[in-house]
Amino acid sequence: MRWWLPVQASSFAPEIDGLFTAILIITGLAFFLVEGSMIWFLIKYRARPGRKATYTHGNVKVEYVWTAFPAVVVIALGLTSNHYWKQIKGRDSVPPNSYPIKVHAKQFEWLFTYPGPDGKLGTDDDITEVRNKLHVPVNRPIVLEEESEDVIHSVFVPAFRLKQDAVPGMHIRAWFIATRPGEYDLGCAELCGMGHYKMHAKVTVQSQAEFDAWLAKAAQGDIE
Amino acid sequence: MTHGAAVAMRPPFPAERGMNVYNHKLAMYAFLASEVMFFGALIGAYIILRLGAPGEWVKRGAVLNISVTAFNTFLLVTSSLWMALAHRAIARGNQKMLRTWLGLTIVFGAAFVTIQALEYIHLMDRGLLASGVRDGSELAGLVANGTLPATITLYGACFYTLTGFHGFHVTCGVLSMTYLFFTKALRGKYSQQDYRGIEVVGLYWHFVDVVWIILFTIIYLI
Amino acid sequence: MRKLGMVGALAGGLFALGFAGRGEHAAQAGATITGTIKFTGTAPVMAKIDMSDEPVCKGKYTAPPTKEDVVVNPNGTLANVFVYVKSGLPATYKAAAAAAPVLLDQNACRYHPHVFGILVGQTMSIKNSDGIAHNIKAKGVKNRPFNISQPMAMTSPRTFTTPEVMVPLECNVHGWMKGWVGVLPHPFFAVSGADGSFKISGLPPGTYTIEAWHEKYGTQTATVTVAGTETKTAAFTFAAH
Amino acid sequence: MTSVAATHDVGHAAHAPTGIWRKYIFSTDHKIVGIQFLFLSLLFLLLGGLLAMQMRWQLGFPNTPMPGGGILPESMAPGGVILPEYYIQLVTMHGTFMVFFALMPLLVGVFANFLIPLKIGAHDMAFPRINMASFWVAFLAGLIMLASLFAPEGAARAGWTMYVPLSARPDLSGADLGQKLWCVSIVVVGLSSILGSLNYITTIINNRAPGMTWFRLPLSIWSLFIVAILGLLALPVLSGAAIMLLFDQTIGTHFFDPAVGGQALLWQHLFWFFGHPEVYILILPAMGMVSDIIANGSRKPIFGYHSMVFAIIAIAFLGWIVWGHHMFMSGMNPTLGSSFMISTMVIAVPSAIKTFNWMGTMWQGNLRFHVPMMCAIAFVAMFVIGGLSGLFMAATPVDMQIHDTYFIVAHIHYVLFGGSLFGLFGAITYWFPKMFGRMMNERWGKIHFWLTFVFYNLTFFPMHILGMAGHMRRIYDPTQYDFLKPYQPLNQFISVCAFLLFASQAIFALNFIISLFRGRKAELNPWQDNGLEWTLPSPAPHGNWERLPTVYRGPYEYSSPQVEEDYLPQSRKLPTDREPAVLAGAVP
C-alpha cells in the first residue's frame, strides 16, 4: 500500500504531483500553525480561579493581516493551477499530432476503437470495439475521443492523473502522453449504475514496435 | 384588526429601523424572491436548451397562436392595472371602488386562465404534447414533411412546463383574490388604515404579470 | 416487493390447477408437429469474443469462443430457432401450470440456453455459475423490464406476466452475452437443436399457424392442421443474407 | 402595560393552548416546532447512520453476509450479502437523508425555530401558523422519502446528486417509482424550507426587541438570517430542476435526454447552482452557534464581531458563483473551469477569517471546558482540516486526480460531520436546558465527545490516503481493481472504526433520552450566558416574555470591566445605560 500518490506514468503527472505537494506544504504549515496555537491556547488560557479574561473586541489591523495573507496565498495558488490547467485541459491543449483513440463508454464496459494503419478514425480500416483494453505507444501524445452511449461515465487512469467524464450527447477529448511502459488500471469515476464498480479496463503502455504488432494481431480479431 | 393607521401598516417593533415594511409585505417580498429563482431556473433551462438544441428552433408563430395570446397578455396586463386602481381606491378609503376594481381583476385573471387552458386543449388536439408530437396528428405530419424541425420535442416540453407553472401561479392568484374578495372586501374588513391583504395580493399579482410578459416574449415572440 | 410477484405466480398456479382437473387429462396424448429448419447460403463467420478480461470464463474454453447470433449445424440446418404455435388454440384452452422452473444458466460468460421459451407465470431461475459479476437486463416491452445483478455464484428467480415473443436478455458487464426468451400462455413451443429439428407435442386437434423465429433472419409461418394423435411435419428454410 | 403586538393575529402570550393536540402536535409555539424538528431529524440522522454502516460493511468485507442482513429482502441482499444495486441505493439514500432530512432540519429547522424569537426578544415567529406548516410539510417530505425505500424495485440510486441520464431513465438505473418519489420528496422539502425561510427573515428583520440593533444580534442569529436567505433563493432552483426531472420520468419530456437534444450537463448546472449555497446552509448555522459557544466558554467577547458578520455575508455571496468547481471534469468548458477555480480560491478567505477570529476569541480567554465548548473547539479543529482539504480540490489540475475519489468523501465528512455535527452536539447540549428544563449529563457528555472525536478521525482521515491513491467514490467492491487491492486493509480499518463511531453514538442517544426525564434540574442561566433566552425560566413558557425585554448592549460582553461577574446579560440595565429611542408610533 502506498501512502502517497500512485506512480507517475504520464507527462503531466509530475507537474500535478508538484502542485499537490506545494498545496500540501502550504496547508500543512497552516494546519500545524493553527492547531498548534489552538492547543497552546487551550492549555495556557484554561480557567483558573480569580482570573479574568482580557476584555477585547478584536483588532482591526490583525484582521487586515489575516485577510490579506490568505488572499495572496490562494490567489497565487489559483494562478499557478490555472497555468497548468490551460496546459492540460485548455481549449487548444491537445498536441497537434496526437494519435486518436475512440473511447465508447457504455453501461459497464469500455469499447476502444483504434484508427488502424491509416492513423485516422472513422475509416473502414479501424479496429473497432476492443473491449476493456487500451494499448498505447509510449512517449507519444494520445487523444481519447470520448463518447457515451447511455449514462455519464468517466475515464480515470490514476497512474496518468487523467480523468475526463464521457457525457452522452457530447464528444469530449482528453489527451495524455504515457511516459512509462507497463500495465495500469482504468476505472469509471462517475456513478453509472449497478455495474459501475465493474468498469475495469487495462491500459498497456508499450514501445511503438510492440504496439504496432499488437494492433496488427488485433486487426485479425484475435486480441490477447 | 384595525388598531389605527400608525400600527397596522407598520412593522411591529423595530428597535433600529430595518425596513419600514410590515410583516406580511416583507414575507411576500421574500416569497417573490424565491419565485424569481424558481422561474429563473426554468427560464434559464429553456434558454440553454434552446441555444444548445441540435437543429434550428421552431419558427415564431409556426405552432403557437400569437394573436390570441397577445390578447390574453392584454387581459393580464389590464388586470394588473385594475389591481393598481383597487389598491389606490382602498388607500383613499373608497370601499365601493375597491370591490369593483378587485372584482374586475378577478374576472380578467380568470379569463386569462380560461383562454390559456383553451389554448392548451387546442394545441393538444393539433398534436403538441409535453413529450413531443403525437403520432398521426397534424403537427406530426408537418414534422414529417420538414416544415417543423425535430426540436419540437424540446419545444413542447419547455412550452408546457413554463407556461403551465405560470398558469398555476395565476390560478392561485385568482383563487386567493376571490377568497379575499368574499371574506374581506365584501364585508368591509378593509379600511384606509388597514388594507394589507390587498397590498400583498397586489404585489403577487404584479409579479405574476411581469413573469408572463417575460414568458410571452421569449416563448411566443422570439 | 418481489413477494408480490411470487404471490401472483402462486395464485396463477392454483387457479390453473383448478382448471386442469376439469380440462384434458395428460397433455402429451395430443397431436405432434415436427420438422427441421433448413439453412441455405454460406454460413456467416461469427466474430471471436475476447474474454481475456475474465480469466474465469476464458479458462472454460479450449477453442476461442465466438458469438452465437447465427449457429449453423454441420448438416446444413439452423439451430436456436424458436418455433411456437402462434394461433389456432381453442379459446377455452387453459395451460396447465408448469411445476418445474426453467433454468437459465450463466456459464462461461454465456447464456445456456441461448434461446428458450417459458410459460406466463412460470419461474425462470437465473443461475450464475461463473461466480463473477453478471447483470441480467430483460428488455420486455409488454412485460415490465427488469435489471438485476448477480455479483457472485447465486440464483435469482423471476417470472414474466404477459405473453411476449422474444424478450431480449443481455448482460451489460459482458456486452456479447445475449439471450432470448419467448413468453407464451401455452406450452406448445420448441427450439431447434444441434440437428436443426424441433418437436411440438400434445396439441389438441385443430388448425394452427406455427411461427419460426430467428434473432437475425426474422420469422416465417406455416399452417398445419392436426387431429387426434397424428404427427405432421412443417419445414422452414432460412436463407443467409 | 401589557404589550399587545400590533399584528393581533399573532396573539400568543394572552391565550396559551391547553389540550395535548394544540400544545404538542399542532403547536404554533416556535419552541415546540423546534423540538418537533429535533426529534424528527435525530431519527433521520440515526437512519442515515444505519445506511452508512451497511455501506461500510460491504466496503470493509465485500460479498460476505452482513450481520443482521437477513431482514433485508432477497432482491436487495440475498442471504445478507449486499447486491450492487442495493449498495448504490445505500449511497444515494445515505447522502439524501443526511443532507436534506438530518443536517438541514437539525441546523435550520431546530435552531432557527427555537433560537430566533428567544435571542432577538420576540414573543414568537412573525407567522406562527406558517411555522407549524413548515414542520408538517417537512414531515410529509420525510414520509415520502421513507416510502421510496420500499418502492417495488427499491429506492433511488443515482447518488444524492441524482445525475441524469441515470436518474431519468428507469431502464438504465433499474428503479422507477423510487426515483420519482425522490423528486417529489425533494420538491416538498424545498417548499418546507422556503416556508421556514420566509418566517425567519421576517421575524429577524421586524420582530426584534427594542434596543436589539443589527450589530447587537448574536452571530448565531446572523448566520441563521443569512442561511434563511440562502435557503430562500437556492431551494426553488432545486425544486425547478427536480420538477423537470420528474417530468422527464413521468410525462416523457426530454429536458435531460441527450438523444433528442436535452443536455445532461443542464442538470449538473442546476443542481450545483443550488448545491453550493446548500453546503453553506449546512455549515453557517453551526459556525454561528459555535461562535456563541466559544465566546461563552472563553468568557471573552468574540474577536472581531464585525469581520465575523462580514465573513458570513461574504461566504453567502461568493457561494453563488463557485458552483462550477463540482464540474471541472464534467465536460464543461475549461475556461469556465478557470473562472470557477478563482472564485473558489477566493471563498477560502472568509473561512480563514472566521477560523482566525475563533482563535482570537480563545486567545487570552478564561476557557471553561464544558461539553458544548469542547464540541465547539473540535468544530474549529476539524473545520480547519476540512477547509484546507478544500484547497486541493479548488486547484483544478490536482482535482483531476482526486475528483470523485475518497478524498472528496473525506472533505465532505470533515466539514459536515467534523464541522456541523460536532457543532450540533455542542448546540444541543448547550440549549437542552432551555428546551427541556434539565441538564444533559456532563460526564457522559465528555465520554461521548472523546469516543466520537477519536473514532471520527480514525474513520475519515485515512480516506484522504484512499483518495490520493485514486480510490473512486461509490464503488461496490474495490477489490475488483488491482491498484486498490493493497488498500483493502485500510478499507477494513475504516469500516471497523466506523462501526465503533456509530456504536459510541448510543451514549449520546441515551444521555439525551435519560436527561429528558432524569437530568439535573436546570436553573435560568446554567452557562452564565448573556443571551436574552437565559432571562427566561427553563423551559421557556409559551409566548416567552410577558413584556418584551429591552436590550442595552451586544451579546458578547463577557469579562466586562463594568461589572465584577465575568458576564453581562444583554437585557440587564446598568445605571449608565440609556433607554433605546423607541420609534415614534411603534407599539412596544
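Going by the order they are written in, the chains are A, B, C and D; count residues from 1 in each one.
By our rule, contacts are C-beta pairs under 8 Å (C-beta built on N, C-alpha and C of every residue); 3 or more make two chains touch, one makes a residue touch a chain.
It should be emphasised that the depicted structure is a prediction, and the values quoted were computed from it without experimental measurement.
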Mean-CA-position distance for subunit D and subunit B (Å): 35
Subunit B and subunit C, separation of their C-alpha mean positions in angstrom: 58
Centre distance in Å when subunit A and subunit D are each reduced to the mean of their C-alpha atoms: 31
Euclidean distance of C-alpha centroids - subunit A vs subunit B, Å: 48
Set of subunit C residues in contact with two or more other chains: 133, 135, 147, 149
Touching two or more other chains - residue numbers and ranges from subunit B: none
Overlap residues in subunit D, where contacts from two or more other chains coincide: 83-85, 174, 262-263, 476-477, 480
Topology of the chain contact graph, where touching chains are joined (line, ring, star, complete, other): other
Chains grouped in pairs wherever the two touch, ordered by label: A-C, A-D, B-D, C-D
Residue numbers on subunit D that touch subunit B, as the complex places them: 5-9, 126-127, 130, 194, 197-199, 201-202, 205-214, 232-237, 239-241, 243-244, 247, 251-255, 260-263, 266, 269-270, 273, 548, 551, 580, 583, 585-588
Of all residues in subunit D, those that touch subunit A in their complex: 83-85, 88, 91, 157-159, 163-166, 169, 172-174, 258-259, 262-265, 298-307, 329-331, 333-335, 337-338, 341-342, 345-346, 348-349, 352-353, 355-357, 359-360, 362-369, 377, 380-381, 384-385, 388-389, 391-392, 394-398, 400-401, 403-405, 465, 468-470, 472-478, 480-483, 486-487, 489-490, 556, 558-561, 566
Subunit C residues within the subunit D interface of the complex: 1-4, 133, 135, 137, 139, 145-152, 154, 156
Subunit D contact footprint on subunit A (complex, rising order): 1-6, 12, 15-16, 19-20, 23-24, 26-27, 30-31, 34-35, 37-38, 41-42, 45-48, 51-60, 62-63, 66-67, 70-71, 74-75, 77-78, 80-82, 84-86, 88-91, 93, 107, 150-152, 154, 156, 158-159, 161-165, 167-170, 172, 184-185, 187-198, 200
Contact footprint of subunit A on subunit C as seen in their complex: 47-48, 50, 52-53, 64, 133, 135, 147, 149, 172-175
